[in-house]
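Chain naming follows the written order as A, B, C and D, and within any one chain the residues start at number 1.
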Amino acid sequence: MTTYLSLMLLIPLFGGVLNALVGRNLPRRLAESLACAAVWGSFVCAVLAALAYHGPEKVVVAQWFQAFDLALPLSLYLDPLSLSLCLMICFVCGLIHLYSVFYMAAEADYARFFALLNLFVFAMLSLVLAENLVLLYLGWEGVGFCSYLLIGFWYTEKENADAGRKAFITTRIGDTALMVALAWLFQLFGTLSITQLNGMGFLLPAGIVTALGLLMLAGAIGKSAQLPLMVWLPDAMAGPTPVSAMIHAATMVTAGVYLLARMYPLIGSSTVTTSAIAIVGGLTAFYGASCALAQRDLKRVLAFSTISQIGYMMLGVGAGAITAATFHLLVHAFFKALLFLGAGCVITAMHHEQDIFRMGGLRRTLPITFWCFLAGAACLAGLPLTGGFFSKDSILTALWMKGTALTQALYFLGLLTALITAFYSFRMVYLVFFGSNAHQQGHHEQSDVLPMELVLIPLALLGLFGGVLDLPGYLGGGFLGSFLGPLSGAHPVEASHTEELALQGVAATLALAGVFAAHVRYGGAARDNRLQESLLKPAPLVAFLLNGWYFDALYRALLIRPYQALSRVLWQQVDEGVINGGIDRLADGVGSTGSWLGRWTTGQVAVYLLSFAAGGALLLGYLAWRSL
Amino acid sequence: MSIPLFHVLILAGILFAMGLACTIAWRANVIMMLIGIEIMLNAVMLTLVGGSAQWGSADGQIFSLMLMALTSSEVSLALAMVVYLHRRKQSVDTDDFTSMKG
Amino acid sequence: MNPDFPILTLLLFLPLVGGLSVALLWRNPATARFFALLVGLAELALGAWLGSSAPAAGPTGYFLYQDLPWIERFGIRYTLGMDGISLVLVLLTAFITVIAMLLFWQEVKERVALYFALLLATETGILGVFLSLDLFLFYLFWEAMLIPMFFLIGIWGNGRKLYSAVKFFLYTFIGSLLMLVAIIVLYLMHGAQTGSYSFALAELVHTQVPYTTGLWLFAAFLLALGVKFPLVPLHGWLPDAYCDSPSAGTVVLAGILAKTAAYALIRFAYPLLPEAAHAFTPVIYVCAVIGIVYGAWVAFAQTDMKRLVAYSSVSHMGFIALGIAAWSPVALSGAVLQMVNHGITTGALFVMVGMLAERTEDRESLHYGGLWGKVPVLAFFFLFFNMASAGLPGLNNFVGEFLVLVGTFRVAPGAALGAFLGIVLTLVYTVRLVQDILFGTPSQPVSLSDLSLRESATLASLAVIGVYLGVHPAPVLDLIKVPIALLTKA
Amino acid sequence: MEATLFYILALVTLVGTGFAITARQAVRAIVYLVNSFFALALIFYLLGAPLVAAFEVIIYAGAIMVLFLFVIMMLDLGHPERMKSPRLVDWIPALVLVLVTAASVAVLAMEHHAQPLAAFSGISVRQFSQALFTRYGVAVELVSLQLLFALVGAIYLGRRR
């Protein structure tokens, strides 16, 4: 098992480092194959590990560093949660690597791209497999770093680089909260091993558990783009589309959910924390969905929908339904990657046009993409019997069943969000694929897009039928539920079959209603009206949603501007003015005193003599005065 | 001998003060300044000789002799300088010589 | 090795003697350069050999020790000792000096021999501080290292070089004089108590210092060391000195000279005056945290690359101060490790910035841009060291910072929380610098040549050490374990 | 007897010096000073220093004062109307200083009681010379060197260009 796990990590690391160091000098095909082979090698290891799996296992690979009682081994932990995530990550990333080979075919700097992708896989896997919180932090920061460079991959444009920077710094804020939690945990327990910590939560007073939970939540908020640190994710779409699919949809952004799920045994005992998680999740889900309603950029629609869907996962964690959250995490990874990759096909076909109001009629020119994208949208909308339906519904059910006023309020918020989700999913589908559009000319040759489209198919199947991973109880229960069952703390109240059916019925109705609404507003002839409207200045509400509730402007006014202004003040007023100026003035004072005293040396002998005599007289006078 | 040392010292003190006053007051004439210095040196010699008489040892007298030798070299150099400076500026007023101004 | 062989003396004075010989080669700059490099390499080799063949440390933690009478009348002895902490810093010193020489091989065109001689002389001064165990000897080296540095800045600097050199000298010198007073008071006090007057550290630690007197003495130490550290209100000399000194001088200043203060705090000030140090701990905490946040914040406003890195150095040194103030084994290990890391990383950053400035004669970061595509190797290293400086896990700075923060959080959570804020701010200015230089399109065409093989190899050695210390810091941590255990239990 | 003589001579000295420092003509000042130095030489003799007394007359009153005269004549400084004599303002600092000094001396004097010198028959020339050339031999050499330097210096400064 040690071999599998360490190989799973080392292969992509090796691939990444190799590509980073010598990739530029390798033939293109070799570099690409190397990168893909590394990830699929990892996948093979993950599968082998899964086959050999027979219970949670902790593996110490090596010692990282040790200073007195702070011992940090490089230890890995394989349990159902990490195993299922590893499989998903390797698989999705592997597909996206393949996709990238074609998507980035025209890019000259392929070595950097694939090196970073591979390094990302390494970091993500170490995040997931880490048994030690510091190792988890390494992965946590590593994915952030790769994401930073990948968002800004086309660095020559300032906006891209700015977006990368924004992502890096915003997530760093959350990361720091996580690091505080680490330091605190070490102070309390003297260890940072996740398995040990999870077993010791009961030793702590509730207040501290709450505080720790909130700190971890802050970390998760940063990484998973939840309120109020979600501003970076829409901008992160500046990166190449495979990057958006891989990092900003399937894997990295769900790391926060993973962290909370992982540490749930420790932090779950605090009601305040779980409520906070649930509230953050619910609000973010609603926020993301509402913003997605008004976006014009295809990738930004998907970005806000990602924010919203992760909000659902947080809701699940907050409701104590770790299984449901993980289930949604996995299924979401499939269908959101699918949607992004589909969007990538669309964008390639449209020559990097991303405005959905300028697209149309693509269902005929890109049929495979269309069907796959439709499958993804159905999952996102939660149409009955798709994977997304089951996973989202298990979260909502868990919320309802928890039965407190808060969770039931959040349940209704979730339902409302589901309605909006269905609406914007199909708004997107209608605008992109239906109707006809003037921009038909100059599509790529079909063969350019075809290999990329092929990658969509397995993802579409997984998304559509992902539900079988964890079927509801009335269909005989699911595999995931029993697999993840041993995770302590993951015991939400079971719903009876009738209740479950009723709740699912409500959700299904809402989803269908949303799709219907979208059809009414964007389908058929109405679509052209919308296109006409889109040329006008947007209404205030639309603009409000389009700009993500103006959070960016708020932060700019509240944080960024003052920070910049104050930095200049600190430098020029305090540092140059007070500290340096003070010293300079002191020096000037000493200097001018010196030159003032220097005027005494007139060069006239008489003055010297007089001074000398006066000095002598003073001495003598002093002696006389003493003897008086 | 019935001369109290103390009176010798008072005499030396008064002489010294007069020399000092001369040096300070005659800033317009180097010659008189030098004369003031000579008076002060003589006062010092008087002190030394008085001390020598008090303790009956020759050292004080020897030092006064040394002093005399030093004085003569000092005076010869100083007067040479006066001559030199006078040649340059046609003046013996010390306030005219300020090239050592700091 | 013959135990009587004065190997420490050899280690200490090899650069000085070598430097003097280099100075004799003033007619022939090329030879002087090579000879200087040879001396530097020999020193590094000697240090490495000592490190690898070091016998087991005795109960005092010192595995090499030399003690000779010098000025017996005043109880001054020539006492050198090397324990784990010294060894680590000696290696760092020798390494950084070689790096500085190698990377700025052609930077200086005039009076080359003298330049290299002074660099080597500085090295001896710094090594002396790291090796002395007699306070008089320590003070001697402490002052001695200023002099060559002063000339390095004053002669080969740029900008307002004389202003900066004098400022640097006066700042550090005035502080040091206070420390000298404190040393002498301790000496007299110890002599009066025991009857034997001695400057030896081992003797002076037993001095019974009255509480109030101790406070004054420690304040004097703190002022002297705080200037060189620098702790925040005392850092006024640093931006100017770092900016205006020649690049190699900056690397030496930031990479190793600043460490002498931290070392002296650990080796002398705390053990000599433990009670007063304890009383002063809050002050150091405050200075350190303010330094971390303030340095990072001011760095953000800089567009002069060298000045930015200079302020970032203030911020990073704050972490070291924090770790020392916490005085717990973990935090102190972190502080010492961070001294090494800071030497490597900030040294490397100054190297990078210096190389850019050397190529274009422009230090304004806004004038650059898009270097990633133009000079990929340079850009790679630039990004690498910036990320190391920002504390990316897996690279060296992270380990040190983590140990410091975790160790400090145990004893002083409030101070640690302030420092955590610094982590975010560090990233803010780092990423800004990276973006200015590497990304975007250049606002004016800059013609640059990528790294030569010599430069790449040297930087690669720094980078390899960076990764190594980030992934496997155990060798350093093992070395400093015994001395730190001794220090913190005392 | 000796004491009376001392006081008389002291008076002569002081009066002579006083005239010397206030004289309007440098030549007159020199003459008053020579007078005063003669009296001082006698005081030296009274204090048991015959040799010093002799030197005082020979070197001071003789050589040095004559040197002064030479210079005064050489530079043609003998005309009082061409010379700036000190104004009253110039005397004020001098007088203040003298007053302070005198007051201090007076204060110090009040603590002392004048005690006559111990019985003492003066230092013979032999004693003097023995001490001078044995114990202070080096000093003599140094002084002679200094005289030589002064000689060289004076010649250098005085030469005509």
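What we mean here is this: a residue touches a chain if its C-beta (ideal position, glycine included) is under 8 Å from a C-beta of that chain, and two chains touch if they have at least 3 such contacts.
Because the structure is predicted, anything quoted here is derived from the model rather than measured.
J.: Can you name the chain whose C-alpha mean lies closest to the mean of all the C-alpha atoms?
T.: The most central chain here turns out to be C.
J.: Once you find the CA centre of chain C and the CA centre of chain D, what distance in Å lies between them?
T.: One centre to the other, that is 67 Å.
J.: As a quick test, compute the distance in whole Å between the mean CA positions of chain A and chain D.
T.: Going by mean C-alpha positions, chain A sits 100 Å from chain D.
J.: Just how far, in Å, is the C-alpha centre of chain C from the one of chain B?
T.: Distance between chain centres, rounded to whole Å: 61 Å.
J.: State, to the nearest whole Å, the distance from the C-alpha centre of chain A to the C-alpha centre of chain C.
T.: Computed from C-alpha means, the inter-chain centre distance equals 38 Å.
J.: Residues touching two or more other chains, restricted to chain A: which are they?
T.: 610, 613
J.: Give the residues of chain B touching no fewer than two other chains, as numbers and ranges.
T.: Counting only residues that touch two or more other chains, chain B contributes 20, 24, 27.
J.: Touching two or more other chains, which residues of chain D qualify?
T.: Within chain D, the residues that touch at least two other chains are 93, 97, 101, 105.
J.: Which chains are in touch, pair by pair?
T.: A-B, A-C, A-D, B-D
J.: Of all residues in chain A, which touch chain B in the complex?
T.: Those residues of chain A that touch chain B are 598-606, 609-610, 613.
J.: Tell me, which parts of chain A touch chain C in their complex?
T.: It is residues 20, 24, 63-70, 109, 134, 137-138, 141-142, 145, 148, 152, 155-158, 160-162, 165, 168-169, 172-173, 176, 179-180, 182-184, 186-187, 563-564, 566-568, 570-572, 574-575, 579-580, 582-583, 587 of chain A that touch chain C.
J.: Under the definition above, what is the set of chain C residues touching chain A in their complex?
T.: Residues 167, 170-171, 233, 235-236, 239-240, 294, 297-298, 300-302, 329-330, 333-334, 337, 370, 372-373, 376, 380, 387, 392-394, 398-399, 402-403, 405-407, 409-410, 413, 416-417, 420-421, 423-424, 427-428, 431-432, 435, 438-441, 471-474, 477, 481, 485 of chain C touch chain A in their complex.
J.: Give every residue of chain D touching chain B within the complex, in rising order.
T.: Touch list, chain D to chain B: 2-3, 6-7, 10, 13-14, 17-18, 20-21, 26, 29-30, 33, 37, 40, 43-44, 46-49, 51-52, 55-56, 59-60, 63-64, 67-68, 71-72, 74-75, 77, 83-86, 90-91, 93-95, 97-98, 101-102, 105, 109, 112-120, 122-123, 127-128, 130-132, 136, 139, 143-144, 146-147, 149-151, 153-155, 157-158.
J.: Under the definition above, what is the set of chain A residues touching chain D in their complex?
T.: Contact set of chain A toward chain D: 610, 613-614, 617, 620-621, 623-624, 627-628.
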